[in-house]
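Once you've had a glance at the structure underneath, I'll fire off some questions.
To keep things simple, chains are lettered A, B, C and D as they appear, and every chain counts its residues starting from 1.
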Amino acid sequence: EDSFQVAGRRFTSRLIVGTGKYKDFDETAAAIEASGAEIVTVAVRRVNVSDPNQPMLMDYVDPKKITYLPNTAGCFTGQDAVRTLRLAREAGGWNLVKLEVLGDQKTLYPDMAETLTAAEMLLKDGFDVMVYCSDDPIMAKKLEDMGCCAIMPLAAPIGSGLGIQNPVNIRLIIEQSKVPVLVDAGVGTASDAAIAMELGCDGVLMNTAIAEAKDPIRMARAMKYAVQAGRDAYLAGRMPRKKYADPSSPLAGLI
Amino acid sequence: EDSFQVAGRRFTSRLIVGTGKYKDFDETAAAIEASGAEIVTVAVRRVNVSDPNQPMLMDYVDPKKITYLPNTAGCFTGQDAVRTLRLAREAGGWNLVKLEVLGDQKTLYPDMAETLTAAEMLLKDGFDVMVYCSDDPIMAKKLEDMGCCAIMPLAAPIGSGLGIQNPVNIRLIIEQSKVPVLVDAGVGTASDAAIAMELGCDGVLMNTAIAEAKDPIRMARAMKYAVQAGRDAYLAGRMPRKKYADPSSPLAGLI
Amino acid sequence: EDSFQVAGRRFTSRLIVGTGKYKDFDETAAAIEASGAEIVTVAVRRVNVSDPNQPMLMDYVDPKKITYLPNTAGCFTGQDAVRTLRLAREAGGWNLVKLEVLGDQKTLYPDMAETLTAAEMLLKDGFDVMVYCSDDPIMAKKLEDMGCCAIMPLAAPIGSGLGIQNPVNIRLIIEQSKVPVLVDAGVGTASDAAIAMELGCDGVLMNTAIAEAKDPIRMARAMKYAVQAGRDAYLAGRMPRKKYADPSSPLAGLI
Amino acid sequence: EDSFQVAGRRFTSRLIVGTGKYKDFDETAAAIEASGAEIVTVAVRRVNVSDPNQPMLMDYVDPKKITYLPNTAGCFTGQDAVRTLRLAREAGGWNLVKLEVLGDQKTLYPDMAETLTAAEMLLKDGFDVMVYCSDDPIMAKKLEDMGCCAIMPLAAPIGSGLGIQNPVNIRLIIEQSKVPVLVDAGVGTASDAAIAMELGCDGVLMNTAIAEAKDPIRMARAMKYAVQAGRDAYLAGRMPRKKYADPSSPLAGLI
């Protein structure tokens, strides 16, 4: 069966979903269920994953069945991100993490200089680091060479829903990478996810596209199918594009 | 359950597949099976559906389970198309048909003048006419007003795999039509099919994209998922596109 | 010098402009001047070109210097269009005309069936017919075979400013045509015009893109340059697109 | 008159051209002339600008009329780039320079970490630094804050001719920058240059698109017009895009 591996763990679903922006934990859980995701990413500075006196995500999404991937959403410095993940590891034992160090509020693009620094610290600390990054292949290569276990280039600004803006860069990153490449941020609808997978990505991470659809549960299912569709199409090997028509039924030899 | 209706018949699969270009009837049958299609279209001038002394498609694809949709592939005049479908009706009893009258060999675009004439003759003859047409909304409207039961505008030249060239026109046709609109011809890979469905099409018809993939069976499955993904995304109501980022996790109020 | 010919007349400017939507005839004249156009198209049912007791376009745009191309904007039937152009010929002696027969108000796309009929009548009447048409190459061919002296496929709905929606179709029309092909309708900004010319069009016709720019006179000039740029780029033969980088300065042999 | 300023110098042409890949210095000079460029960029490690015993570019392109912008093409480390520009300053007195530090040979994308380091050294050294960079707005901001006098994000890989891959990023950089932003690398034909200018860029730098056209001199002229067209269109303020048609001539009140 088709699967991919990150930091020694094997996953069959190639869709990773976030847990923000939902009405409540019930809806979050239902969307995750519908998406078929095996990994959910959690903004540990924002979502309650440690205070048992408050409603906890774990009560709705079973961490024995679903892999929790703590992320550093909202961190604007490398230090902040590192501190956040250390605390999370203490609280929940999570070693596989998603690093994101934001550069500004308008784009929510990563600050790649801070990201490189923070990745280095986390790797030294023994974390398995999946890393949100720009779609710059040179930067992606540095992160891979450093030891990050997954490269997660953005498709478009977080929450923008614009889809993959630069397929050339995503392709270049895929071609050069030996670790999994997952498109992270910017997907808006099902075809965006399919396109990412058709380019050869190992997976897609999204949150807003599901949570802010009119019907999040149905959109979660749409995304499950879209990722499968894109993956299958990639593996199946698409037909070549042609400048002119080519008949389905030979025009010669007709009865 | 989500379904659509053509000429009084209800279908849950929104993927219609052709039967040309496969290695043999075994592969044809396996691809149809994997695609989940409930309708297959058959070039009756080309595929044996009447001579029991030769291998017949019916021996591989059961017409009791799958709706056969005879088409007039290879007809370059309206008269030719009408004669072809009359013969097919005599042979197989098919009343629901797909009309296509080609304009030239380079584009395999429909000759819309001949198509209008042929559609009128077929409708007078009592056929239920699904019609392959250009993506010109004015022409599509004429065909609908005339009584055609499904409008099937092209996405791109037949067999080109270029995907939807003019989403504006497809949208305009969908907005104005009261009968089902199915994109027919030009789809190349899974995301193309998803995009068609996200625009609000009722279905997608394809042949080459599946038959000429390196692995047709897997591509057939990809297309099944893609159509489901696009349909679900359309019904779920996608998030709006935004010019700037929008955080999944509120940036204020972080711990 | 580079030029093109329509109905025996030679033009060096490849930009044809409309005369609608301007503040007044002064602005109209200034925009035409800035555009460098040698042909202006005039909606003869709308613009005063015959009543000397009202302000006349001819008082601002000299018909001895600029070729007037009467059009049938606002005609929804072929008969109406034919009658309009006959009256125009009587009034102004114009024999070179632009036929447009609209299909509906939402798209302002041509009704190609009515267009074919009207073109035939006008040609029989001795008119030189430039014809606004859909981007369907099969229909374009019929119009050329009939004797139209220029094929004018739409880029996008009139006044939409969406730019060329289907470059594949425009290319197919250009490849097959022996008469000039001019993109008519839908251009929104300078690059749209350049793209049309780079595809190999003989010219571009526009109105709204200039008249509804914040500064119509400057936009008229932009369009003049854009058409020249696109034409020169087409004639110069662009570099091939490459999947990877290719250094401007050889990397080997550096000092 | 419309102009832009870099490091205290004012330029009216917004097209900067390279000097590589031409047949000989005669063709180089003719292309520069046709392009109307007031700045040419020179790979000082490659082009002879200092040895009077060899043919020198200065004998063909007069440095009193055209501003020479030495660049560090072919440098893969910041140190190398800094050394190259120091030597160039000694040789030719050039203080206004274009920094580029390449990351790999496949993409010729900048190594942004090395670029930041080198920019800092050059600025400390008193150079006016125009800087080739990725289209990452966060990195562009760092370079501007550091004191670079022009931000030069790439449109696509050098020499690829793919045009602007990520207009969202170029727009974000333009919106945030107080120094001139010039698209550098990746332009393939005239409309690509026009699109860059329509986004609000202050200028465009190119080499291969001109030098590798079949007719470089004509393409140089095409680019001159394209940059003017795009600039004028930007200043003129384009019409809004509309979902439906909008008649040039009001449909009501027709004669």
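Quick notes on this one:
Rule of thumb we're sticking to: a contact is a pair of C-beta atoms (placed from the backbone, for glycine too) under 8 Å apart; a residue touches a chain by one contact, two chains touch by 3 or more.
No experiment lies behind these values; they were computed from the predicted model shown.
For the pair chain B and chain D, chains touching both partners: A, C.
The rotation relating chain C to chain D, fitted on Cα atoms, comes to 180°, given as a multiple of 5.
Taking the mean Cα position of each chain as its centre, B sits at the greatest distance from chain D.
The distance from the centre of chain A to the centre of chain B, with each centre set as the mean of the Cα atoms, comes to 33 Å. Chain A and chain C have centres, each the mean of its CA atoms, that are 47 Å apart.
Taking each chain's centre as the average of its CA atoms, chain B and chain C sit 35 Å apart. Annotation for chain C: residues 106-107, 109, 157, 162 touch two or more other chains.
Residues 103-104, 106-107, 109-113, 116, 134, 136-139, 141-142, 156-157, 162, 165-169, 172, 176 of chain B touch chain C in their complex. Within the complex formed with chain C, the residues of chain D that make contact are 18, 20-21, 43, 45-47, 73-74, 105-109, 157-162, 188-191, 193-195, 198, 207-209, 211-216, 218-219, 221-226, 228-233, 235-251, 253-255.
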